[in-house]
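Here subunit A shows up in two complexes: once beside subunit B, once beside subunit C.
Here is the complex of A and B:
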């Protein structure tokens, strides 16, 4: 397995941000990314999205001979697939440590905590039992994969139904769903894996870490808890920790989070059940792929986000600093430095004569067509250009992240700003001309 | 059958906070640089350490600032009640290997051997609960026997919870199968740091603290036993240790 490579500056940046109580995506330390569960048409299939981590779960079953040590118990098999699809640093085909780790945590979480009544899956003791198999495919690896997998597995198991069986004495008959309703699994309790990343010897505890945060943190802790505050699994990774107290604190925090997650899973299951009961068309998994939006496949280029409050403060800071200079500047550009250029029949453009600063793009040379065919046409038409600007709209660009290529552009509406304009740093002022 | 009787005795006659008998021996083989044999109750483990030596296999694995630690956990096919199909390569032993590596990495002074490799091989001869603990303890002894500088001992111990209230230390296989939860802790007993923590089955969060504390107490008790064995071994092998002779 190739390692995810993180540069030293990036590491330091994240560490420093965390020590100041900030996260790159603007979340608080105990915030969860957006969780979404979509169920498929078949029983026991779902797609779970946690931020940009994505997992597909599918539960299936077949009849098998039980283990000799437990002749009257069904089997539960969990398989996690972490292929090259999930992230570049995984090679498909080979068993890697991350896959084994996730698999074992989930096995402990679901099988060893006995959350599913396996005895109910017995058909004929010592001969035939149901073998329930949970397949988890990780589509996108973006941190807290264990948590996302456990939610997916839980939702899929709770959604799953196996066919009804009758024993005739000599053999068994497996009924199709048309003959008899399929039977849901008996679930004693709902466990979820909650993962934490610890920084600075446990001084800062982050819930639901992204891949980057996971990689940079000192310790990664996964706690499996059910909604009754029972611990079902624990996994500690990274450097060693100083006190037990830390684990205790994390697990009590995990218990609260787990309760919320389990409630969410139950709600989505109930919703799906309602849709099915009301004989409506079940949307299935198609609905989460085929979005009729132009931005269906768009990705955010920048993961760094500031919260609204921070943004407001920043604006205030900038505006107060440069308020005196602003009046002068505004006067300058409002009059003689602008000229109107006709660009075609019944259209004109307001072009600034001021030098446009580098990095914001020069004025559009393609559209300015002085003395071209159009200008002669426009003379003939009834449209007359008037040197009057009736409405002007200021578009202000706030540069918050220096002059890097990925700069955050915030567009503010004039009413938000209370007529206060911004610094000399922001030279791009566009006015829409109206005839 | 209860995990603990009204008289406070466990299935095998121990008290709640009592360990199984530990017997160990350092330097059992000549071929490896360090080796150890450890018995914890009926659980029997052999450990062998090779290294530090040049990187085996591809040189690209070499680390410029620390040592590559290679662990292998394997269970003899005859070690369990039902004969095992293969000694290693399944998920459980891969997980054990990962956890062992984590425990051992926590104590080895890795920065002393850049571009080198240390191999730790463990073989479970008889599995009767607490295999991982026995392996970690045996690995510590083997590393000491190999003369590899360690920060301190790394010692592992299990703990469980009987009848939902009484914490038990050092769980046997029978107690595991009877349905007791199982918390494994690998700790550095002198500094009290926790290197590995792992659990299966379930118990209420409120008990986590006391069960972990008992496991840590178990680690400290095992440390005393191991330390005594190491000192005895050094006296036997004839190395001159004035401060030991004076004791």
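Here is the complex of A and C:
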């Protein structure tokens, strides 16, 4: 089986439902599914779930010889794996088209948009550079895998830190994390891939499509945008688009979504950083593989939902009522170690009250003083700052004419000289370059 | 699963009926039953003189001495005599290739329908849905389907209309709604006219008057997975009360 098998009856039904403004899971056309990012103990590892699509990302690095064409740039390699675990129609071992497609879009999104400062990954020009490798494993294939992968890759890259290096002239010393703090990657901008499914020649635009919707739609459009509304890539599959403004409309919608997604990624990164700074135990991926829960890592089973909010609430009410009943019954059984927790409409979860901690490991002590030096401070200020720059786009132009920082030139237009106070907010690098 | 009061956390050598079991655990109860005849269902295997669990899930027992493991999986394991819903993926000469969500596609001969001959072939296109019975399911061969019973009659089987909707659910839910005690389908049917075909491979086909009604029935079925009979009644009542024009 090479692709998802969809019967004509499903196709007809979905088209009919879409033409009536309905989706199977009760979402509106522009609703996204629930996004969740959990970071691992190691730098650069995360599990990202978008609805029931699930992707694990791991970033790793090693020292390699650079390409002869770009002797002072590091390497970025993205590898996507779609195994038989993701969906029954994928065969493991063979490279399939979907895998190549996702890989290509992500390469466009991350490598070709130059969001990562590869020059900062150079150790010795022409000899040694860092090779950053992003491995994405798709655990469950339930539509919009590209979007989920891009968020996972972005979160993992932003979370990743590579070891510090000193050059002795003859060789290099790679410092372990105990000796020196690891260095985060320099990320110029945060791109994400946002996918759309188009029905009826672009009359209906569906955001974050499920696998079935993707398969049934006329056109699948993936727009890679960063949070500053800059287009980094575009991918179109299916029949051609006949209306002119459709791509423009989609990309402006994508820009809005991208902003939201990137903000969410930043928030989760900040949260993770706070936990690490506050000397607390980092939960890592253990928190999503919950041992004392029956439905750990389980999928949402209710794939069909009603659009009617009132109905939904009614069902929720009903189920919570029954859960309460169940709760009472459970207490009667004097089984106080367990409790039932409502996890959504018509589903409950049996959770142990006991604090069972298996395999959580020891507290990590070395990261305590690693404070807000880069991450929290610069990341935060960067958000506000670049919004301002993009607003005054025409005021300030940065020209990079060479590799070294000294050669950086900032051109200020004379009529806007009073806006120079803006430059005080610029990061240090740009300040030093101004002459 | 919650309502059935599952015990968790006993992962010793012995597999206990009604609790979560892992592959490799021994069902002592069945192994020691010497005189009695023991029937092994899916997920349980005989290894020498022991009965060993080979699938992770909940170990269940039904009288007399039938043991099986109830688990959630994406693929369907074909079982002889079960009715399934399949999607036609290929027409290859004399046979149709049908996807029934198992590891291998099933085959359906064009002669396995009522009132067909070599000249009068059944009209089936790729993408059609077929409700069929499994004739043979063996480890080493692809499963074979038929659309007639042993008297050569089609009864309820055959090609399903291209209207309506097909959705996936767990096999537990299929068993649940097909059991005579479950009021769900009849209760819904009193208010909303609909047609349905329920396949043991976890596929349900529903055809109702419009999209709303179809979604409502689908939702009611999926929502009843972990609900008791009373709750199912309540859910049905409330759904039907709120629905305006079906």
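The rule is simple: the second predicted complex is superposed on the first by the 295 of 435 C-alpha atoms of A that agree within 3 Å, B and C clash if a C-alpha of one lies under 4 Å from a C-alpha of the other, contacts with A are read in each partner's own complex, and residues count from 1 in each chain.
Criterion: a contact is a pair of C-beta atoms (placed from the backbone, for glycine too) under 8 Å apart; a residue touches a chain by one contact, two chains touch by 3 or more.
Just so we're clear, the structure is a prediction, and the values are computed from it rather than from any experiment.
Visitor: For A:8, using the defined touch cut-off, is the partner it touches subunit B, subunit C, both, or neither? Pick first, second, both or neither.
Guide: second
Visitor: If you stack the two complexes on chain A, which partner ends up touching A:187: first (subunit B), second (subunit C), both, or neither?
Guide: After superposition on chain A, A:187 lies in contact with neither partner.
Visitor: Give one of first, second, both or neither to describe whether A:229 is in contact with subunit B, with subunit C, with both, or with none.
Guide: First partner only.
Visitor: Between subunit B (first) and subunit C (second), which, if any, makes contact with A:20: first, second, both or neither?
Guide: It touches subunit C, and subunit B stays clear.
Visitor: Who does A:88 touch here: subunit B (first), subunit C (second), both, or neither?
Guide: After superposing on A, A:88 lies in contact with subunit C but is clear of subunit B.
Visitor: Applying the document's definition of touch, where does A:237 land relative to subunit B and subunit C: first, second, both, or neither?
Guide: The first partner, subunit B, only.
Visitor: Quick one: which bits of subunit A touch subunit B in the complex? Just the residue numbers, please.
Guide: Interface residues on the subunit A side: 68-69, 95, 97, 100-101, 103-104, 107-108, 112-114, 191, 225-226, 228-237, 239-245, 247-248, 251-252, 255.
Visitor: Could you list, by residue number, the parts of subunit B that touch subunit A in their complex?
Guide: 82, 91-92, 94-95, 98, 102, 106, 183, 188, 192-206, 208-209, 212-213, 216
Visitor: Would you mind writing out the residues of subunit C in touch with subunit A in their complex?
Guide: Of all residues in subunit C, those touching subunit A are 1-3, 6, 8, 20, 74-75, 87, 89, 99, 101, 105, 125, 127-129, 160-170, 205, 211-212, 214-216, 218-219, 222-228, 230-231, 234-235, 238-239, 242-243.
Visitor: Spell out the part of subunit A that touches subunit C in their complex, as residue ranges.
Guide: 1, 5-13, 16-17, 20, 22, 24, 87-88, 292, 294, 301-308, 310-311, 314-315, 318-319, 322, 326, 340, 345-350, 352
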